[in-house]
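Presented sequentially are two complexes of chain A, the first with chain B as partner and the second with chain C.
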Partner chain A sequence: MNQTYGTAAVLAAVLATLVIGSAGLRISRTTSDFYVASRTVPPYLNAMAVSGEYLSAASFLGIAGLVAAQGVDMLWFPVGYTAGYLVLLAFVAAPLRRSGAYTLPDFAESRLESTAARRVASVLVVGIGWLYLLPQLQGAGLTLGLVTGAPRRLGGVLVAVVVALAVAAGGMRSITFVQAFQYCLKLTALLVPAVFLVVAWHGDPGPGAALEEPPAFRRHTQVTVDSTVRIRLHEPLRAVAAGAVDGKRYDNAALLLDPGVHEVRAGTRLRFPPGAAVPERDGGSGPRTGASSWATPLSGGRDDHPLYTTYGLIFATFLGTMGLPHVLVRFYTNPDGRAARRTTVVVLALVGGFYLLPPLYGVLGRIYAPDLLLTGNTDAAVLVLCERLVGGVAGDLLGALIAAGACAAFLSTASGLTLSVAGVLSQDVLPSLGVRHFRLATLLAIAVPATASVAVSGLPVADAVGLAFAVAASSFCPLLVLGIWWRGLTAPGAIAGLLTGGGSALTAVGLTIAGPPADGWTHTLLAWPAVWSVPLGFLTMVLVSVATRDRVPAGTEAAMARLHLPERPAGATS
Partner chain B sequence: MTGLALVAGGALLFAAGLAAGHLLARRSVGDTTGLGTPVERATFRTLHTASLAAPPLRAGLTADAARKAVRRLRPLFGTAALALADEDTLLAWEGPGRHHEHTALDRVRQVLATGRGRTFPVDCREPDCPVRRGTVAPLTVDGRVLGALVVLGAGESAAVVRATEEVARWVSVQLELADLDRTRTGLADAEIRALRAQISPHFVYNSLAAIASFVRTDPERARELLLEFADFTRYSFRRHGEFTTLTEELRSIEQFLELVRARFGQRLRVTLQIAPEVLPVAVPFLCLQPLVENAVKHGLEESVERSRVTIAALDEGATVRIVIEDNGVGMEPDRLRRILRGDGGPTAGIGLRNVDERLRQVYGDEHGLVIETGVGAGTKITVRIPKYRA
Partner chain C sequence: MGAPGTPRREVVTGATGTSRQGHGPSGTARTPRRGHGPRGTARIRAHEDPAADPAAVRSLMSRQLRLAAMTSGLLVALIGPLPLAFRALPDAATRPGGALVVWAVLGVAAYPALLLIGRWYVVHAERNERDAGDPTGRA
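Up next, the complex of A and B:
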């Protein structure tokens, strides 16, 4: 990838963000502008902001990578990310706006009249925020590494610093315009190159049937293996190697590997002839590149229990969206419940439209960038395609555009999340320290995931985001749904549900990320906790609430009326 | 491997925290050597218990407050059970013997009628029931009996009777304070009503005079101004709701400025900077309009030069920062301090003080007005309003 173009594009994206963020106020100098300046944000603009903040590095880079590596099952990711808003629309959007709550802890406190519930919710918000920030920073490291050649870990830390400065210095005075701009940038950055890519693909002779077959190298390809991998071969492989394979050193020597499992040491360079099948990675925690099952659903390419994992994914993404701290905050900008609902409908359209693109990149990535399957670096598929398929200056420019889009993806989500987490930290967790206190909270909000992103690596971006969704789905989904639709919810019930549902999902996630490697059902259950942890959260909340029936908050009736009645009687004007 | 180390490190940290917390807790309760004689320590303990029970009671005599308070107070007596009742129900019962609820309630009714405490025997057929005798003492606020404190235990002793009376008196004082809090809220309500009525007769008079001057020369403008005036007064005199949205408050300010402009024309320059996401935020009714009025007054009426007023509303995460700035004559900081304290004379800056007090009352002391001013240096008023109000 051309580093000059790439760096310039990334810098331009960062600058545009900062400029719009600090200047995006409506200014009027005459009284006739007064009306324009004091008009609330219309639903379409707000929806663009919500979408801009929501489409993270996982959507921009991760989905294409997963589709390239693991096939059509991964299409559930974009479906789930979108459908989450359908659930949000049907059950939560309007009542939540009417509640007047700005954050989830606010909602817990106003509905349950309990500061203890507020505190538990705060801790969970911070946990989910950090869990979601981690893959954003990893995606940032990946992108910046590819674009500028910087080491991967440095990129994540760099973005963390930029976000911390922008948020702490009050550089986001009007975040709605920033996020709306980021959405447009992300959409453009995928849409325009996609057109070129499709045209180039059609011009390419004979790419058609490749999808059903195991991926193969289409031309002479050189692959550098970053970390030691074990590969499984189904037929003999010819290649030229420089490095160590199966403990034997090669110095640009021809290599013939028999079918079976082989170990390729880190730093080894392999050159494959055209037509050679891409070796399959064996075991380990990395994704498996199922050989022939790519285009068939549920054919066991990924995990031992594909049907279960699919349901795990569906539960987590459908129900987790409503519990994401940075999404909720944007809904407050709507003037009333009706506008909140309209915004959600527009978000559905915007997000749904965007998600048509990443699978295309995934498919093309499988055909034209199969070496990523071997190195396991599939998140990079989106970034390298233009260079491979279009080439020349046009390819470099398109690649730079995509880099700018990726930069927008992790900047927007990371700044939104940092803002939300810092708000909760400064309000509920840290002791009050005066004005500088929000800045300290910002530093803490971003420093923890930045440190973690340096320590933990190798988790695919979209997977890590899936885990954050799982925790949100098993803690805040029960709280919101029951809090809005059931009078019987009590503070002890809500706390117990949050702790068991969210806590168990969080534990499972922690074990998956940092625990000892597991296999079989244990691994599957821990890696996809939503199927059991969501019902667990609901059940605990209901049972404990019923058991503590005499503790139903005194203001429940009033709170319910506020949540469900329109703000203003129909036809009345003020 | 790093993962494993992380988990182990986390577990270790957790264990260490647990141990430290446990130790600290033990020390604060058990180890009181060096803190005086046993009598003094008993006094400290009693005062500590009382200070824990006080906050819930400050909310008044409700079921929730009663439940929290009796839980804190029971250790003071060392008897089996403790209950609080209001005029017709038992609000909370801490300890065993709940089946004597009806007996206790009957006694409470007598106390409510007579206003005098008494002790009574409790018949119980259950052999291991610890409740054999009870003591009731009235809770009086302003000479009115609001409820009663019931102490139930194994036997009668003069100490328990005395303790019951004293604690009942202490609870009464807390309830009286709660009453005072309510009165203070009511007073602020009255004050805002007064503020509305006071929307300055001067302004009404000046506006009408300015409109009158347009009636012949520019009847259309006069009509528009009259409509603005009507809208403005409707908003200002509106009776329902203590809160409004920033949008509505700004609209009222716009109407106000339009009327001021009718009088002063080009001498007044107003700049507005609004982050659109803060517009739906709920703000106390009429919390900005008096500040703008102040800024305009300082700028226009006390100088002949062109006056500039800037109103900015910025998003700061969980709070909104609103800044109102003028380039007028400014003020002595000392005089300002006196005005905000309330002894700046009968007419000076009532609006400013009222806004300051209401903001402090609704959002807490850290959300009062922040005013930067000096003689001849203009005035800058900053308000920080949380988006969510607990």
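Up next, the complex of A and C:
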């Protein structure tokens, strides 16, 4: 990777973000400008902003990495990420906009007339937001390190600073423009290189063969193993090694390994002849196979019960999208409920169109960057392909474009999350001080995950992405669906459901990450909680609400009219 | 926006008389109106006393909920059997091409399908709301 071009591209992306953000500063003056862009964002712009915010690095880099490592079954991820918007459209989009609230806690309070419900929702929003921010910042460090050669921690801090500046400067108004710009950048950054890559590839070898046959090195390839790895061989392997394999030292000596599991020490250099099969990484004891760090909890344990885990993935992503606070807050920026629906349909088109591209990078990564499968760094596949396949100055320039897109991916998702967390913090946690105080909340919103990402850089925090999806699906999905469609929901019911659903999902994934290793069904059920924790959340909400029937909020009828009747002032002031 | 006319600015206020007044009369919303005055006033009257015609709200809600259920039913019918179908694909070793089928379905065909379902939903949801405008107009 050419570091000069890469650095220039990343700086350009950051600069553009700040310039567009500060242009927004001149426009945004009042509190409502800050939070919801005065609700005058037209559907197409808003849809671009929603998509720009939604397509995080997990989409930009992670999906291609997953396809490269594990094949096309991984395409369930982008399908789930997109279909989540269809569910959101059908059940939530228009009524949520008509609720007239700024944030999820606002919705909880105005619908249920309970400050306690508001507080629980606030805690969940901040929790989910931080969980989602952490891997974004860590991924940023990783990518920036690869692209510019900067130390890993610096990248995360850099992204945190840029995001804090952009959000604190202009709030949602500037973020709307920033996000829309970043969607365009991300799409361009995958689309233009894809054309060159396809020309360079011209179908040799065919995609079917690439996906179905075990990956092999196409020419002499030297791989340096960064961290100690266990490899599983199905046939004898010949290579030249410099380092330690199975505890024996090699000094540029020929190495012949029999089929079975072998350990390659960190720092070992292996040189493979053309045609050699790529050794398979052995997952060992943990659930993580190291295939791709982005979606490990979602892909963990796939081998045990693939059908259950596929449905678990479908459940978590279809329903989790609706519960992500940074996605929901964007719906308040629509002029009205009808526009909110139209926005969502445009989002379906924009997000779906984007997701046509990553699988191509995944397949090409499998053919032309098989060494990443051995080092486990498959998320880098998108970043290295241009250099390998196109080469020369053109390759470097295209690589730089992709780096800028990846940078946009981190920035957009991180700023959206920061904005929604800061909104909740400034309204519910810190005392009311007006706009200046929103800036304080922004600092707090990004400082906590940034500190954590520096402090725990060794931990597999990417697990937090899947955790955030599962927690959102099991807490906010029931709250929104029941709150919008069921008159019987009470505050105690909602609180119980939020705590039970969200809490059990949190516990389950927490146990998967940090708990004792489990096997078989126990492990699978814990690693993929959404299948049971979402119904649990719904059931608790319904049962407790029925038990506390006498506490149905007095304004329920009025709230229902407000949520469902079209084109009317959102708040009943009488 | 069907025949939007000149958008009128209206004040959007917070929730119904609850404690959160900090952000008071905050945003403004453009409310596209289809011309006729009587309809607008009727809507505002319904809004001043939202419980005035709960029957209309109920019928609109149940129609919208049915539509949402149909939409998600369509989604489930379309997506739900796919994991099972993919498992039934012949083994790559005996008959290659399975991966390409999965790519074509999940990587390409799924997105236009989702878009079409979404479009279909919006058309019907807006039709439901237009129909609901009439009983409100009676008030």
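Convention: the second predicted complex is superposed on the first by the 487 of 574 C-alpha atoms of A that agree within 3 Å, B and C clash if a C-alpha of one lies under 4 Å from a C-alpha of the other, contacts with A are read in each partner's own complex, and residues count from 1 in each chain.
Just so it is clear, a residue touches a chain if its C-beta (ideal position, glycine included) is under 8 Å from a C-beta of that chain, and two chains touch if they have at least 3 such contacts.
Given the structure is predicted, the values throughout are model-derived calculations rather than measurements.
K.L.:
Of chain B and chain C, which one contacts the greater number of residues in chain A?
P.N.:
The partner making contact with more of chain A's residues is C.
K.L.:
Name the contact category of A:535: first (chain B only), second (chain C only), both, or neither.
P.N.:
Neither: A:535 stays clear of chain B and chain C.
K.L.:
Which of the two partners, first being chain B and second being chain C, lies in contact with A:100: first, second, both, or neither?
P.N.:
In the superposition, A:100 touches chain B and chain C alike.
K.L.:
Once the structures are superposed on A, label A:335 by its partner contacts, choosing first (chain B), second (chain C), both or neither.
P.N.:
both
K.L.:
I'd like to know which partner A:344 touches here: chain B for first, chain C for second, both or neither.
P.N.:
second
K.L.:
Of the partners chain B and chain C, which touch A:488 in the superposed model: first, second, both, neither?
P.N.:
neither
K.L.:
Once the shared chain is lined up, is A:76 touching chain B (first), chain C (second), both, or neither of them?
P.N.:
second
K.L.:
Just checking: does A:564 make contact with chain B only, chain C only, both, or neither of them? Give me first, second, both or neither.
P.N.:
A:564 sits against chain C, while chain B stays out of touch.
K.L.:
Check whether A:353 is in contact with chain B, with chain C, with both or with neither, and answer first, second, both or neither.
P.N.:
A:353: touches chain C, not chain B.
K.L.:
Touching A:86, do we find chain B (first), chain C (second), both, or neither?
P.N.:
So A:86 only meets chain C here.
K.L.:
Which residues would you name on chain A as touching chain B in one complex and chain C in the other?
P.N.:
On chain A, the overlap between the chain B and chain C contacts is residues 31, 35, 38-40, 100-102, 106, 109-110, 335-336, 427, 432, 574.
K.L.:
Write out the stretch or stretches of chain A touching chain C in their complex.
P.N.:
Interface residues on chain A, with respect to chain C: 31-32, 35-36, 38-40, 71-73, 75-76, 78-79, 82-83, 85-87, 89-91, 94, 99-102, 106, 109-110, 113, 115, 118, 207-209, 211-212, 306-307, 310-311, 314, 318, 335-336, 338, 341-342, 344-345, 348-349, 352-353, 355-356, 359, 363, 427, 432, 485, 555, 557-562, 564-574.
K.L.:
Within the complex, which stretch of chain C touches chain A?
P.N.:
1, 7, 10-20, 22-23, 26-33, 43-44, 46-51, 54, 57, 60-61, 64-65, 67-68, 71-72, 75, 79, 83-84, 86-87, 92, 96-100, 102-103, 106-108, 110-112, 114-115, 117-119, 121-122, 125-126, 129, 132-133, 136
K.L.:
What residues of chain A sit close enough to touch chain B in their complex?
P.N.:
24-29, 31, 33-35, 37-41, 100-103, 106, 109-110, 170, 172-176, 332-336, 419, 422-423, 426-427, 432, 438, 455-456, 510-511, 513-516, 554, 574
K.L.:
State the interface residues of chain B toward chain A in the complex, per the touch definition above.
P.N.:
Within the complex, chain B touches chain A at residues 2-4, 6-7, 62-64, 245, 247-248, 250-251, 254, 257-258, 261, 269-277, 279-280, 282, 312, 314-318, 366, 387-390.
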